Amino acid sequence: MRISALVTSITIIMIVFFLFREGVGIFKSPSVEKGYVIAVNKSNAVETLNSTQLKNIYDQEITNWKTLGGKSQEITVFRVEDITNYYSEEELGANMEYLPAKISEVLAKTPGMIAFFPSTYLVKNFKGKVLPLKNISVANFLGGTEWFPTAQPSAQFGAWPLILGTLYVSLIAILLALPLGLATAVYLAEIADKRTRNFLKPVIELLAGIPSVVYGFFGLVVIVPILKNTFHLDSGQSGLAGGILLAIMALPTIITVSEDALHNTPNAMREASLAMGASKWQTICRIVVPYSSSGITAAAILGIGRAMGETMAVLMVTGNAAVVPHSIFEPLRTIPATIAAELGEAPQGGLHYQALFTLGCILFIMTVSANLMAGYISKKKRLA
Amino acid sequence: MHKIETKEINLHYGNFHALKGINLVAKENTVTALIGPSGCGKSTYLRLFNRMNDLIDNVEISGQVLVDGEDIYGRKVQVDDLRKKVGMVFQKPNPFPKSIYENVAYGLRVNGINDKKFIEERVVSSLEQAALWEEVKDKLNKSAFELSGGQQQRLCIARALAVQPSVLLMDEPASALDPLSTSKIEELIHTLKKDYTIIIVTHNMQQAGRVSDYTAFFYMGTLVEFNETKIIFTNPKNIQTQNYITGRFG
Amino acid sequence: MKISINQRKRYTQNIAFWIFRLLSFMVVAILFIILCFLIYNGIKVISWDFLTQMPEDGMTKGGIYPAIIGTLCLIAGSMVFAFPVGVLSAIYMNEYASDGWIKKLLNQMTSNLAGIPSIVFGLFGMALFVNKFGFGDSILAGSLTLGLMVLPVIIRTTEEALKAVNDTFRHASLALGSSKWQTTRRVVLPMAFPNIITGVILSIGRVSGETAPILFTVAAYFLPRLPHGIFDQVMALPYHLYVIITSGTNIEESRPIAYGTALVLITIVLIMNLIANAFRRYFGKKVKMN
Amino acid sequence: MTHLESELQQLKNNLVEMWTLVKNQLSKAKEALVTEDKDLAREVISLEKRVNSFELSIDKDSENIFALFSPVAVDLRLVLAVIKINNNLERQGDCAKGIAKFVIDIDSSFDKNLLTITRIIEMFDENIVMLNELIEAFEKEDGIIARKTFKRDEFLDIINDESTSIVANYIRSNPDGAEQALQILSIIRKLERAGDHSKNIAEEIIFYAEAKILKHEVKEKKKK
């Protein structure tokens, strides 16, 4: 019995352990997929590169080594398949058996060249210089604005747009859901008669019971087209659509928790206020709501927590563009949606896989801290 | 004209006949105590006077409740106005989660008074009347919850006084307090009598004896005996009353 | 002057109350819109064949039989795990553990577990059950993941149920000389049972609707056959719905099937909710009468 | 001042008022005896009704205080003492009335010599002093002042004891004055009784002020 009681604790500890074990791994690995190397000409002064620089080089955004602290020299980008530009097929051999040697050769010949190729092609007396690459830093991961997990040669793991997207959608959701949820909670707890209450309560519970994938479906076939037509968007899939959907999904949480908080207001308070000649409405505004404000705050935070973790519905309606969103009408992408969408394609143990686990860690931290905060706030008031 | 008068009051909670034909008169500037065993209807009766029973579903009332000769269950009567005229203090101290000052000012604010100076004067005078001013004058902006139980109850009295009622209803105002606070509240009731007509429900017969001029003994929804407190306590006419006040009840 | 203040108070109150009433009914309206929409579109698709046939033609035709069976398997699997663990854990926390830091910790852990997003459970399930334990994508891995996810629901409702049992019954039983375990088993549990079942039913509803945790632990994209054992993959209703909406071979053509699937899914969840509600109401009254 | 305190103060004030009245009754009775003023004696008799009504009202007030305030400790002793003092004072009032009655009934004038040899005036004065001291002791809640009464009472007892033989001698030598002498003796008895009442009052004051019960002790002393 004691063991089963400990299961929850063990589970949490294991979740933390596995999540973080896989997730932290990414900070220990260089920004190039395992099994590949980056090499330059021996005369090149540049000693190391990070993933952003690498990406910019290959996107031809950096075209001169000078920018990276080297000599003023044009950068020549080289990928394995480019070898045919330098050598004929005969020279490479029928089965490409001379390819490694030729890579080494071309690198030695061209001073401004940077090459990306599998490490199996690294010959013994390699004439180029293999660049040691910087590890992905925490700051880069959190602050990076580009998420291209499958980019070659260097995958970009900038979680910033995802974190922002998650917060953004949650914020929209809570802004929509809080007034509505609070109003409903007040109505249920203070205004409605017993019959209305008995009707509304189960309805709200049902709202909580609908699976998120069904919400997503509904959002996709109803809300998205409506938004598209109303605001004349290219696609209705947007932060707003996700926000609306999450608002609906967060409603039950907000309603139930804040209704509980309102119920915690002692009846004596209400009676005292009414006995002073205050109207019911004044009593609600001035006594009941302020008294339960901490509970309502807790409800809002819990709602945000729920919204942040919501996966399927968001995945289906937000359009999944991993960019920093500029308006609520633009598509965006949240952390859980990213995990759900990409984990299936990420090879186990690879950089991408680890990156997704890191995202999981971030999400875990965000939601757990939201929960702890909500618990702390509601507890604090109870002691006062 | 009497300050308060009820004529043939009957009250039903659903099928439960809670008050059975109560006739009672309370004179101005007197304290009337309502005593009786739990569930006898005394609190229900008290709540008639500021229509707090309206908040409960399924309540039916017949008969007349007159305050200053006006039937307070009449059509024209506005409950808010009535409740301004008839203040109430509850069993447990129930200050609002606001500052001491705001607690007292609450009644004025909800009744649309915004004049700061006026409110301040009224707050001070109410606290003085409630014999609390000296104790709280330096911490008016502190939370009301920082006060002791007895002080909180006096704050609640001050809060009720701030809207200048002429009648004060008290529902076991000292039952949640320690003896010292209790005696302070009792003293307060005694002094407030000069300006207010007070009706107090109490479980404590000694308290009824100490504070009231008139005592009404309720039993099972009926008014068994109503008379001067001295008479009720020395020579009750009704054997039930005697049994109750002597503690031989049941 | 005074009358105008009162009138103003009354008008404000009336307006405010109407707004609140309106907003509340808006919440109800949202539910009804969603339900009506799904029922209206889904009812046309539902038939006996739809429920009992295999999907065909890249899921554009045929039924959802394997998905239904898969969901049932997952429900059963997760309950086999979560029910005993959850109930025992709740009994321990409520009846045995003394009020100390252990109980506090357990409580905190349980509420934290409840707040963890389902996708994190999915990640965890994949890392631990699928990869580390080598279960692969299987009913076992999926059930365990789902089971862990609903564990807090079961613990919480069981705890509530146990708390609702009046202490006098416990004391009475203990006073007769029965041991703590006997008391728990013969007195407390039978009285708490209806409410515990309510919790289980609610968590079944939750399990049947969750998608994120099964994405990487069990769900098969397209598998027109029934599972052979607990190490087999299955289709599941929510994932099936997700797939045919977003990444089926022909999204437009499989739309009707999506409506049908959504309706079936929502019906299961709603029925579970209704049963739980009825249970609670029926037995709730009985308890009050005691 | 609390409600109870003011009620008790009222009670005390009433008692002191009655006390003063009784004291005045005694001194008026003395005056009437000495000056043979029958009108004054009649005044004493009519004022006795006031004493009686005082007694009733103080009793009623005490009862109310018991019923309404359930007094405890010093308050309880006060009300208990008040009731008993009230009772004793009323008796003293009766004594004064009885003396006044003698004054009215006597036809001839008194033999002044008799008044001197029986020391009856001294007894009157002693009684009045006792009452004065007791009022002071009561108001100051002072047991020491109250204790002075015991000495004075002993003095009264001595006069009383001696008076029998003095009166007997007087009658032997003065047979015509026998009736008068016996009446004087009755007055002496009454004054002695009044002294006893004062002593009781003193005990009540000590009980009220110090919570000491002296009765038993005193009685034993008396027996000796």
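When the chains are written out, they are named A, B, C and D in that same order, and each has its own residue count from 1.
Methods note: a residue touches a chain if its C-beta (ideal position, glycine included) is under 8 Å from a C-beta of that chain, and two chains touch if they have at least 3 such contacts.
No experiment lies behind these values; they were computed from the predicted model shown.
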item	value
Chain D and chain A - chains in contact with each	B
Of all other chains, the one whose Cα centre sits farthest from chain B	A
Chain ID, smallest distance between chain and overall C-alpha centroids	B
Between chain A and chain B, centroid-to-centroid distance (C-alpha), Å	60
Centroid distance [mean C-alpha coordinates] between chain C and chain B, Å	51
Whole-Å gap separating chain C and chain D, where each centre is the average of the chain's CA atoms	94
Computed distance of Cα centres, chain C from chain A, in Å	25
Chain C residues counted as touching two or more neighbouring chains	9
Sites on chain B at which at least two other chains make contact	80-81, 110-111
Pairwise touch network: line, ring, star, complete, or other	other
Pairs of chains satisfying the touch condition	A-B, A-C, B-C, B-D
Complex contacts: residues of chain C adjacent to chain B	2-3, 5-6, 8-9
Residues of chain A touching chain C in the complex	1-2, 4-9, 11-12, 14-15, 18-19, 22, 179-181, 183-184, 186-188, 191-192, 200, 202-207, 209-218, 220-222, 248, 251, 255, 279-282, 302, 305, 308-312, 315-316, 336, 339-340, 343-344, 348, 356-357, 360, 363-364, 367-368, 370-372, 375
Chain C to chain A touching residues, read off their complex	9-10, 12-13, 16-17, 19-21, 23-24, 26-28, 30-31, 34, 37-38, 84-86, 88-89, 91-93, 96-97, 105-106, 108-113, 115-124, 126-128, 131-132, 148, 151-152, 155, 202, 205-206, 208-212, 215-216, 238-239, 241-242, 245-246, 255, 258, 262, 265-266, 269-270, 272-273, 277
Chain C contact footprint on chain B (complex, rising order)	78, 80-81, 110-112
In the complex with chain B, residue positions of chain D that touch it	2-4, 63-64, 67-70
